[in-house]
């Protein structure tokens, strides 16, 4: 069964990718969607079996490497954590597949798109079922590749190509850390299998190694290196710049990869490696700091964006920050819970946004929308549900998970925990503000689009709305239904050791925080809504004046804290310059000059000379023969025979 | 013996001289004539050795046929030898150098030359005594027995030469009238004569 | 005279057959006129085939006849079969061509036949004189063949150049032979071997000079650098089927003769020989690789290619071991297949206005004539020595032999030269497959040639799977030569 879950998408990808020409668009859609749906159904069965029942397995597929000490096999590790991820990945993926049938219906290379989607799903499943670091890395890179392919799917658009390359390169920075982390794990533990590493980890607590004359803690180093990988993949502060640009890809891709699944791989990895992270308080502090800062930072940027997809992208970035600081304060359950609920409502928001974009004839700028709620009521309701869930309105999914995170941060009772708490609450306010801003700007007010576009606005077909409805159901119910399992009373028997805790269960403490802490996020959410209502419904001219008044701040936010510009100045240009120098001078003039080009030039020169020797005159030829004889004879004369 | 020795040196010297003149004289006709002189002196040398058959063959074939043919060709073709030698000086230095080197080396070889003791015993076919067998018979005895293979092979070479010469130069010329006796004999009256009835005053 | 002098004709039956057939066919041709040239051609092919079969039927051990001037052993049989086969192929290749070029002459197959006879005699030579006679018979036929298009200036020029330089080379060879005779007193190979094998025999400088001149003459025949100058001009000028013939059969025969001399009578003097051969090999490999790069005429390119390949073959000879000779023979067998195939493709380069020989005319052949392009590509890859094609193994065996004989430097130079050489072979492939198509060629090749090309290509590709027939018989042949 588990094999089927993992490999059915691969089969779909191969069929659609290599035989798409023969089976046609419809065939490719049919094959990939049906295989994904089967995989999703099996995942749900697996979830009930493993997470709610008491199943679980480790399935060895075959040996991958066996070289000296270095051994790794393909194996599927199925525990509760994996089961949750399986449901999320295959569930969202199958819905996105189906949605894409409608969304991409006008595209010219549908089989390729479906193939990439399935390939991505396979890689993601490989990642979440990994039994060792190598396989994890395989999946990690696999999703990176699929993400690259999908962001650059419309490869004729220069911006899409640039975004794809940017995503790939920024991820490379993170992956470099991740790979170093894996190397370090192998060097320290002599193994890459999760079981061995986690079992031996306690022995290394407090041990140091010498690096550049400094004593450095081993486990902290490993954890931070691994976390750098997670930062890249999950778009955390510093390595987040690729995520907004990745919105160049088709919207279903944004929903699947850049909201629900791939970007959460970092969170998953930190939780999977909780036995390591738990042993290094320093690393956890670092994780919390980055997570909390990202949550706040991304929320502030989201306030000033005008592109509907970018708003949601920064929102994703922010929510990922929440997950990380939850993990950072050892509330892994809360992190995964938020991951779980977030997958539903964020995919819903993205697909809803896709539906809006579809309706508005590929218009993405919110300033050109407005007043279309009557025309696409279903999409409006869906977006509303997603927003309610995101902003943490009671009984919607986000309410349970996000509040749990904020409470956990408070309950941690550490300095960094309080830092995270404060920023988390502030981010909750901003989240509410930009989410409602999005709704108001898009659906309310007066239509700002041109006549032709407005005239053309239409509700999406059923193949797109049905997935929305399913996701909406998840966004409404997922929190309430699974609260007890993920973070509540059934915590222990639900997770069954797949999440490791060194000390007290912070979630336990989180249930007993003061009432004002519990109410604060809700208050923030309501005030965020109120502010958005005031600014965008009541007095729509205020935002513009505010922006004028506080231009520096507005520009600062609009330009995303100038991260791209700083990177461009600090890294991109020097690197480009260095590359240019090495290319022109180093490679072109030195290596090519003396190497291939030089040698071939010499050969060519010799060749021309040889041709010149071949004069065509008989006596030249005869003379050459005589010279040859004389030379050989002289040689023997001199050498004495 | 002394006379014989004197004769040898005389003929040898003339041979060398005329050989040199062949390549150095300006007039090609002179060259050919010197060539003939060289042949004749060589024939004389053969005579001194007692190889009268070879000597006669040399004169008959080389002088009588080959050299005369050369002479015809040289006289018939209008070749400007001066023109052909124009590049001569240009290549003289390096040519002289290579020639000198080769010559020096060969002289050196000549200096070390000695009939190796093995040479005599290795001689494959000893010459029969001159008193018993005539020159021609001795040659024939060897040529048709011991060297029959080479003799036949040389025949094949001549065949190729002949075929080659015909292939490369023989052309059937148009308009050349040749007598074909067989055709003439086979000819019948009906092939040659046609009787036409001519109407008066109309012509054919 | 005593009856004992009547030689045994048995071992020479193939040669006698060829000679008689040549004379008989000459009669047929003369009496039937040029209309019979196809008949003469097929009969010549048949004669060559029968001679090859007879050669295979000869006893395996070493037999001497004609006063020890003629030898038949395993080596001679192996090489003769190759020579006769390639001569027959040369006739087949020419038949259509002669028709189309309006030089329908019955002498053409006859001359090939006579050349084949000469080559067979060379291969079986056991005496300096029989060596010379065979060589001259072959050369003379080749001179005529080179000039057979007597109305064409280039063809005539090729013939003249070949003839004059060939005469010079023959002169050197004869001069060397006479020096050797003068210093040893014999021309017989066996006698020479015995002589040099004697205890304490040291070669005088004069003898070595003889060897140098002899080697120079032979090097001319195999077109090794610096005695190669005639090759490009003659290959380009001679009619294409003749070039194809030149590139294969005489090369094989002359290389075989070279090996027989070096490893037979002069086996004891291998040190002196090796210096010459190593020099010739290096010069040939390097020049063959380098000079071909700028060529635009494919026949000229093939000329340099053949010079390079002679260099590789000489590497095997330079090793001077049984393994080296085996490598050389394998090399020659593979070389035969590749070159025949490549030349048939070149022969098919024909447009309405006549033959084309420019490399750029091959542009885009893959689109206009995919089969021919594929075949030519196979041959080019193989000539370049790219595994797993046969050409790679040819080089592999000679280089291995050289390394085992301690000539590591020679092998290294050989490898470098083949890397350089790969450029121009692959360039042809590139032109055929990636350039814009040039004008299409005329009607495809005839059925016979198609079969031959396919066979050669299949051999080249599949040699890797079933090489043992060639490897084994080459090993037997090599063992016969190197005691």
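Chains: A, B and C, in written order; residue numbering restarts at 1 for each.
Quick note on the criterion: contacts are C-beta pairs under 8 Å (C-beta built on N, C-alpha and C of every residue); 3 or more make two chains touch, one makes a residue touch a chain.
Predicted, not measured: the structure shown is a model, and the values here were computed from it.
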{"item": "Longest centre-to-centre distance from chain A, chain (CA-based)", "value": "B"}
{"item": "Most heavily contacting chain pair (counted by C-beta pairs in contact)", "value": "B-C"}
{"item": "Centrality ranking, top chain (CA atoms only)", "value": "C"}
{"item": "Distance from chain C to chain B - Cα centre to Cα centre, in angstrom", "value": "30"}
{"item": "Rounded Å distance between chain A and chain C, as computed from the means of their C-alpha atoms", "value": "67"}
{"item": "Between chain A and chain B, centroid-to-centroid distance (C-alpha), Å", "value": "95"}
{"item": "Multi-chain contact residues (two or more partners), chain B", "value": "105, 108"}
{"item": "Residues of chain A engaged with two or more neighbouring chains", "value": "627, 629, 633, 637"}
{"item": "In chain C, residues with contacts to at least two other chains", "value": "204-205, 209"}
{"item": "Touching residues on chain C, where the partner in the complex is chain A", "value": "160-161, 164-165, 168-169, 172, 203-205, 208-209, 212-213, 215-216, 219-220, 226-227, 229-230, 232-233, 272, 275-276, 279, 287, 290-295, 420, 423"}
{"item": "Chain A contact footprint on chain B (complex, rising order)", "value": "87, 91, 95, 98, 101-102, 105, 108"}
{"item": "In the complex with chain C, residue positions of chain B that touch it", "value": "105-106, 108-110, 112-113, 115-116, 118-124, 141, 145-150, 152-154, 156-157, 159-161, 163-164, 166-169"}
{"item": "Residues of chain A that touch chain B when the two form their complex", "value": "619, 623, 626-627, 629-630, 633-634, 637"}
{"item": "Parts of chain A lying in touch with chain C, wherever the complex brings them together", "value": "600, 603-604, 606-608, 610-611, 613-614, 616, 618, 620-622, 624-625, 627-629, 631-633, 635-637, 639-641"}
